[in-house]
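One structure is given here, and the rest of the page talks about it.
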Amino acid sequence: MITAERKPLEELLGYIAPYSRILLLGCNECVTVCAAGGRKEVGLLASALKMAARKSGKELQIVEHTLERQCDPEYVEEVASMVAQADAVVSMACGCGVQQMAMRYAKPVFPALNTKFMGGSERQGVWDERCAGCGNCLLGVTGGICPIARCAKRLMNGPCGGSANGVCEITPDVPCAWHLIWERLEELGQTEDYLEIIPAKDWKTAQGGGPRKIIREDLAE
Amino acid sequence: MKSIYEYYAKWIREGKLKVSSDWNKERKVKFTIQDPCQIVRKTFGDPIADDLRYVIGKVVGEENIIEMTPNKSNNYCCGGGGGFLQSGFTEARRAYGKVKFDQIMETGADYCITGCHNCHAQVHDIGHHFGGHYSTVHIWTLICLSLGVLGPNERAYLGDDLKDVNVFHPESEH
Amino acid sequence: MQKKTKLQSNGSVLVVGGGLGGIRAALDLAEARKDVILVDKAPCIGGLMTQLDRTFPTNNCDLCTVAPFTAKDSRGGHLDMRGLTTVTAVKGKEGNFTVSLMTAPRFVNVEKCTACGECQRKYPECVSFAPGLDPRAPTCMRYPKATPYAYVIDMAKCADKEGLKQCCPVGAIETDALPKVEEAQCGSIILAAGAALFDPSHLDYFGYAAQPDVVTSLEYERILSASGPTGGKLLRPSNGQPPKKVAWIQCVGSRGLQKGAGAYCSSACCMFALKEAMVTRERFDSEIETTIFYMDMRAFGKDYEKYLNRAKEQYGVRLVHSRPHDVLRPVGMDKLQILYTVDEAPKHITEEFDMVVLSTGFKMNEDVKKLAEDLAVELYADGFPKTDCFNAVATSVPGVYVCGTLQGGKDIPETMTQASAASCLAGAKVAVTPRPKAELPAVTPECAGSPRVGVLVTLCDHESTALDTTALVEYAKSIPHVVCAAAFEAACDPSSFDAVKAAILANGVNRVVVAGSSPRYELEKYQAMLAPVGINKYLIEVANIREQAAWVHAGEPAAANAKAKQLVAMAVAGVMAAKPLADHVVPANKNALVVGGGVTGMTAALELAGQGAKVCLVEKTAELGGVARNLVKTIEGGDVQALIADLVEKTTSHPNIKVFTATEIVDHSGQVGLFRTGLSVNGAYKEIEHGATILATGATPNQPQAFLLGENSRVCTQLDLQKVVNEQPKEVKKWKNVVMIQCVGSRDADNPNCSRLCCQSSIKNALAILKENPNARIFVLYRDLRTYGRFEEYYQKARELGVIFVRYSVDNPPKVEAAGHYANVTFTDVIMGRQVVVSADCVGLSTGFVASRKSNEALAKVFGLPLTDDGYFAEMHVKLRPVDMDKAGFFVAGCAHSPKVIAENLTQARAAASRAMTVLANDTLVQEAKFAHVDRARCAACLVCVRACPFDVPQITVDDKGLGRSYIDPVKCHGCGTCAAECPAKAIQLNQFEDVQILSSLDQLLAKVNA
Amino acid sequence: MEQFEPVIVAFCCHYCAYTAADTAGSQRLSYPVGVKIVRVPCTGKVDAKHLLTAFEKGADGVLVAGCLVGDCHFKDGNVKAARRVEFTKKYLEEIGIEAERLEMVRMSAGMGREFAETATAITEKIRALGPSPVKGKNCCCGKAA
Amino acid sequence: MTANIVSITGGKQSAFIDKVKEILPQGGNLNLCLTCGACASGCPATGLADMDPRKFLRMCAMGMDEEVTTTPWVWMCTMCMRCIYVCPMEINIPQLVFNARAAWPRENRPKGIRDSCDMAMRTETNSAMGTAPDDFKFVVEDVLAEYQEAQPEFADMQAPIDKEGAYFFLNQNSREPNTEPDELVPLWKILHLAGADWTYGSKGWAAENYCLFLADNKCWEHVTRVSAKQADDLGCKVFLNTE
C-alpha cells in the first residue's frame, strides 16, 4: 500500500489563494486505508480550509468528492463536470492520482498530501516502510525482510558497524534490518543463507534506470 | 460488692452531701482523672466512670475537668497495679508509667485525681520522677474540701495552691 | 411427570427485598416469563448498592450501571414491583404459599407524580430518607434516578397536610392514604432483603461515637459519592477540610467473639476498603496517604489479588498487618491518633490521621430475621439462615430460598450469582405464563414518505413555570415541515393521549418531536404509545426542554424560552434526518449446550432439563464427575462422592439430557437463540443446534515444582493429603508433626491470583487429621488466611484444637529439606522473631488451581470468547453480570470462571441455568435497531472498524460479487458508534445517530433563532 | 456593548454526561444558556468531523463529555474520543483556532454539580478568549438569545 | 540466631499453656489468637523485657515453657486488661500471666510482693503492713477521738469496727492507718454527712491483696475469704470497696 500524510494547511492555503471554487478530491484506495485521503479526511480538510479562509475574510466554495481510485483514467473521467465548475482541484490522492488528474484536466491541480512510501500497517494507526520498489526482489534470501527498504544504508551483506543491541544507529527506534534478518534465518534454520555473499546490487531495475514501465502484452491494447 | 463512687454520686444526687464547686469558680484549678482499671474497665465499666465524673464535676466544677485520652473503660493503666509497685522492677515500672505521665502532662492539669492507692502511689511517683508539676490527690480529699470540712491536717496531697482554701478548723493544725 | 405437575401449580414467585439481588432474581424470573412480586420496605428499589460511590474491582460508578437495571422496561408484564411493602404473614407450603402483604402509604400517587420536586421544596421536613451522615440527600430519593421516579412523604412529620396537598401541581399527594393489605398466592419465596451493618458506636476505643472524623465504610462511601452529603467532595466531617491521611480498620464487627461482633468474616470489607483507598487517591488527591490496618487481606475473588497488587503497587495504598488498639483524639488536638504495633518488634506506634474509616461488617437484619422465623427457616445463632452444604440458596424450608447478604456477608458478584441461582430454583416451582405476542410494527412506506412532523409539548405547567408553552407551540408551528404542534398538559392522563393520537392521524404526521423531559424517560414511553398510530419508533425525537431549559434556567425565563425553542428546532432537524428502522426478530432454538461434565456442568444441565429445556452435556473425558472425583468431603462434612453419584445417576437418566462423553467441541457458528456447534464424539463429527451455551469446563489442580513436591515422599498436595487421611487412618495416627504451606503456586508471578479454596481445604484437612489423631501438632504457614464467610468458624475451630497458624512473607518463605525419615520445615515466626524448625511427618502443600489454559484457549477460539490474563473465561461484567459472557447466549459457571469450592460452583451452575432460561424461554428474540451498518459501495476494507470495535463485531466478508467488505452483524453490534467515527471512507453509519442526523441538529443548533 | 455569550456545543455521552446534565437540571443547578447538548450513545461516536463542523458552523467552543476512565459502557470509547479530541486540537491550531476552545471532560452520571460547574467554567474560559475567530460575516450564528 | 532456633520434634507434650487452659472457663480462649496485635498495640507493658502480650501468648503456644515461666515480664504486667478489652477473640491473657507468675517458685517471686503477702497471712486483718486488729482499732479510735474533739461539728462522727448489722462493710488500705492516719478522716466525714451505716471489720479490713499479685492462689483465696467471711458474719449488706 502507498502511504501518505496530509500537507500542512498553510501550504495548501498558499496554493489555492487565487481561487475560490475548489474541488477537493479524495481517493478510496491506499490513502483511505492509511487515513490520509479518504472520504473522511476530505470532509475534515474541507471544513478546515473553509474556516482558515474565512479567517482571512474569504468564503471558499468547496465541492467534496471521493473517487474509487484516482490513478485510473476512467474514474478520473467521472468528475469532469465538477472540475468544470471549479477554479482549481486539490487532490487528496497519492502522487499517482494527482498526476492522473493533472494529465486529464487543464485546471490547476494541487496535491494535498505528501506521498511517503510503500508500507504495511503494524497496527491501527501505525504504518512502516516495507518496500522500496527496487525491481529485483531479494526477500527470498533475506528471510522475508527487506534490507533495502528497511536498512538506512541499504546494505546487502550483514549489518554495518553501527548496529548495536538490535537497533539502527541512525534511527534508534527502528530495528536493525540485518538483526531481524539474522533472527528470522535462525528461526527458520536457514542461517547458511546468510553466508552467501549477495553481489553488488544492480540499481538499473530500480529508479536508477530511469522511469519504469510495465507492459503486459496479453492485456495491453 | 460495690464501689464507693456509686454512693458518692448517689449521696450527692440525693442532697446528702452538699458539695459545691464555688471555691474553684475563680481559681479555676484544673483536674484530670485517672480511672482505676480495677474498678472501671475490669469491674463496672463506663457507668462507674460516669459516676466518678459526676462527683468530680460537682466538687471542682465540670469546666475544670480536663480529660486524659483515652479514658473511662479504655483508660491507660498507670502501672501501679498488679503488684508492680512492690515488684522491685522500678525502672520498668517507670518506663511503663511514662505514657501515663505524658497523658497527664498533656492535659496541663494541676491535679490528677486517683481513686485507688496503687494509682495514687504510681501517679505520684512518676510525677515526681519525671519532674511533673501536678499533684496527686484522693477524691475524698476533694469532696471534703468542697463540703468545707477539710481540716488542715488532711491536706497532705494538696498542692500549695489549695493548702489554704476553705480550711476547716485551721486552729487544729498540728 | 412430576416436573409437569410442579410447573402446573400456578402462581408466582415472591421476592422480598429490592436490592441488587432481589432485582436480579426478579428480572431473571420475569425474563423467563414467570410472574414475580417484588416487595421492598423502602419506597424505591435499589438497596445498598445505590448508596455506593463506585464498586470494585472495576472502580466503576454504580449509579449508571444500576440505572438501566431498574429503569429497563423489560419486565414484560411479569413483574409486579411494590415499594413500602412488607410481608406480614405467610401460610402454606412449597408450591402454595399464601402471603399477606402490607403496603404503607406513600402519600404520593406514583402514577401521577412527575417528580417535579415542588413538595420537597415547600415541605422539606416531610422528606424522611437519610442515607448516612447527612439527614437529607439532595432529593429525598435515595439516588437521583430512583425507580419508581416519584417522591415519598413522611406524613408523621407533616404539620400542614392541607397545604402539602395543595402544593402539588398534579394533585398526586394523597394525605389520607391508608395502608393497603393484600393476600397473594405464590409457589416459592426468595428472601433477598439484605443485611444490616454492624454499628460500632459502643466500641469506645475506636472513637466512632465521639469523633466525627471516625466514620463507617458506608459513610465514607457516601462522602465520596457524587450524590452524597458533600456533593462528591472528600471532606472531613469535623472541619470540612480535605483530609491528608486516611486510615481504614478492618474486621470491625466481624471475626470477633465479643462486643456484638459476628464470628464469621463479612467477606466484602477488605475489597471495599481497598477500593475506597484507591478511589481516594485516584479521584480526589493522589497526595492523600491511605493506610489499611488489617488482620488478613482477603482478596479471594476473581482477579481480586491483582486488584490488591494494583492498590499496593500502582496506587501506593499502604497495608499494615495490625489491629490497632485505639483511635484517639486527645483534647485540643485536630487529628486522630491510631495506636498500633507491627509484627517485627514489641513496641507501640502512634500515628496521626485525619480520618479513620471502620470497615464494619454485615449483621443479620432484625426485621428479616423475624420474617425468616415466621417462615420457620432454621437460623444460626447469629441469625443468618442455615443453608444446605451443596445448595447455598436453599433454606431448611422447601420453597424458601435466600440470596445475597441475607444469606451471609458477600460482595456484589456473589450476590448476583446467588440471586440468579435462587431464581432458578424458585422459578422451577411456578409455571411459565404466556406472553402476549409482540407485534413488531412494519416499516411502512408512509413513514418514509415526505416528512410531516408533529410537535408535542408535554410539560405540565408546574414543570414549565419558566416556559411559555403557548409561544413554544406557535414557534414549533412555524418550523418548516411541522404540520401540527400542540401542548397537552396532563401528560399522565390517558385521555389526553387519545387526543394526541387523533391529532397525529388527522394531520398525517409521520415524524414526532416530543418536547418534554429527558429522552431517558420519555423515549421508550412515546415509542410504545405512538406505535399503534403508525409512527416508527425511530422517527421520534425528544427535545429535553425540562432538564435542559425549564429547570436549569428557571431563573432566566427569556433565556429558558429561547433555549427551549432551539432545542425543539434541533429535534425537528434531527427527526427530519432520521430514518425509519425495523427491530430485528430472531427465532430462538430452545435447547442448551453445557460444556463440561463435572459437578457444575451436571447441575446446570439438570436445572435446565428440569425446566423443560433439552440439554446436550458434553464432557471431554470418558467419565462424568470432573475434578471433584478427587474429593472426599466438604469442610461442612458434605459427602462429595455421594453427590457425584447422585448427579451422575440423575443426569444420565434424565429424558431431557443427552450426555456425550469423550467429546470435544470442533466448530461453532450462529448467534444467540440459533447456535450450531460441531462435536467430535469419540472421533465422529456431529452437529447440534442450541439457543444457549453454558461453559463449565473447570480448572486444573496445580502441581508446581516447589518444596520438594514429587521428590520427597513426606511432601504432598492437599488433595493427596485428603486421600491419605481418608484411606490410611493408621498412618495418620502415627504422625506427630504436620506442616501445611499455603499459596504454593498461587499469588505469585506465574499464577498471580488467589486460588480461593486452599485456606479452607487446609483447615478441613487439619481438622480431619486431628479427628484421627488429636495429639498431632499441626502448623499452617500462610500469607493471609482467607477463610471468608462461615469458613472463618472452621478456622476458629482449628485454632481451638491447637492448630498453629504462622504468617510468612513472600520475601522469607519457608524451607523444606529432607531429613531422613522426616521433612524438616524451617520458617520464621515473626512475632517471636525466631526461626522454627519442625521435623514433619507430613508436609501438605496448598497448591490450588490454575486455569486449564490450553483447552480454554482452544474453546475460546472456537466460540469467540474472551479469556482473562490467567486463562479463565471472562464474564461480561465482573460485578453485575458474573455468569453472562460478552457474547450473548453464553454463560460461564464453576472453576472455568475462577477457582471456588463445590457449593459455590453449584450456585454458579444454577445461576447460569437461570440466565440461560431467560434466553431459552423465548420463542423469538427482539433486537433493537441500534446497530451500525456498512455502505459496502464505499467500504475500502481497510480493517479500521475491525480493529476499533471494542466487541470484535465487524468482519471483512466476501459478498456474492467476490468483493471483500466489512460486515457488521446487527445482532452482535452494541451500537456504540466507534467504528462509524473512525471509518476513513465514511462507509459506516450508526442507526439513530447517523452523521446526517447529528450534523442537521448541529446546523439547527447554530442557526439563529428568530425569537 | 452587550456581554459576549459564547455558544458551546457539548457532545454528551448518553450514559454519563447526558445523565449528569439531567441531574443538574433536576437539582436546578444552573449553567450558561449558551451550552447546547448533543446526545450521543458514547463519546466514541463523536467524529472529528462533528467537532470541526461545530466550529465551522459558528460554535465558540466545543465540549466532549464522556464517562470516567474505566467506566465506558463500550469499554474504551471515551479513551478513543480523547485521542480524537487531541488530533482535532492540532487541526484547529493549524486553522488558527485556539485549541483550548475544544475540551474533553469526564464525569459520571451522578455528577450533576460537576456538569454545571464544567459548563460554567468552559463558558467563562471561552468568554475570555472572545468569539471564535472563524465566525464569518456570512455565518448567521450570533447570540443565542 | 542458631541459638534462638526453636526446634519442634517428636510428640506433643503437655505444655504450660495447656495446663492454664484446663483451669480457665473455655480455656480462656488461649488457643484462639489471630495474631492481630491489638493487645500488643494497647498494652502499657509492651516493649518491657522485650515482650508484649501477643509475643508472650505466641511463645506459650509454641511450647516455649521455660522462657515464658521465667521472663520477668509477667511481673511488669499490671493485669489491667486492656488486652482482653479489645481482643477480637476475648483471650484471657491476664489469667495466662497470672498463671505464669504462679509457675515461679515462690522464693523466686519478687520479694516486695512476697513479703507483703506473707505479712498479710500473718494477721487476720489481711494488712500487707502486718497491722494487727488491736493496732488498727487503736489507731481508728485515737484518730476519731482527736477529730471529734478538734472539729466539734463532727463530735458525733463514728468509725465503728465490727458493728453488727451495719449496711456497708468498708475496706481500708493499710497505708492510712499505718503511715498517714489523718487521711482516714475525709472518708469518715463523707460517710458521716451522708448518714451511712457502716463498719470496718477487725478482721479482713485491709483493701490490698498482694497475695493475688504474687499469684499465690492459696494465700489470696485465704485473704479474700477472711474479708468476705467477716462481712457476712457481721450481716453487712454491701461490701463497699473504697478504692
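Each chain carries a letter (A, B, C, D and E) given by its place in the written order, and its residues are counted from 1.
Definition applied: a residue touches a chain if its C-beta (ideal position, glycine included) is under 8 Å from a C-beta of that chain, and two chains touch if they have at least 3 such contacts.
These figures come from a predicted structure and were not determined experimentally.
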Intersection of contact partners for chain A and chain D: C
Smallest count of steps, each to a touching chain, taking chain B to chain D: 2
Between A-C and B-E, the pair joined by more C-beta contacts: B-E
Innermost chain, taking as reference the mean of every protein Cα atom displayed: C
Longest centre-to-centre distance from chain E, chain (CA-based): A
Centre distance in Å when chain C and chain E are each reduced to the mean of their C-alpha atoms: 57
Inter-chain centre distance, chain A versus chain B - centres from mean C-alpha coordinates, in Å: 93
Intercentroid distance (Cα basis), chain E paired with chain A, Å: 96
In chain D, residues with contacts to at least two other chains: 47-49, 53
Two or more partner chains touched - positions in chain A: 40, 43
Residues within chain E bordering two or more other chains: 47, 82, 85
Touching pairs - complete list by chain label: A-C, A-D, B-C, B-E, C-D, C-E
Chain B residues touching chain C - in the complex, by the definition given at the top: 46, 66-70, 72-74, 103, 106-107
Chain E partner contacts - residues on chain C that touch it in the complex: 205, 251, 255-258, 261, 295, 321-326, 339-343, 346-349, 736-737, 775-777, 779, 796, 799-802, 804-805, 807, 822, 829, 831-839
Residue numbers on chain A that touch chain D, as the complex places them: 8-10, 40, 43-44, 47-48, 50-52, 54-55, 57, 59
Interface residues, chain B side, partner chain E - complex: 1-4, 7-8, 11, 16-18, 36-37, 39, 41-42, 73-74, 76-77, 79-89, 92-93, 95-96, 99-100, 115-117, 138, 140-141, 143-144, 147, 149-151, 153-154, 156, 168-169, 172
List of chain E residues in touch with chain C within their complex: 1, 4-12, 27, 29, 31-42, 46-47, 50-52, 54-55, 58-59, 61-62, 64, 82, 85-90
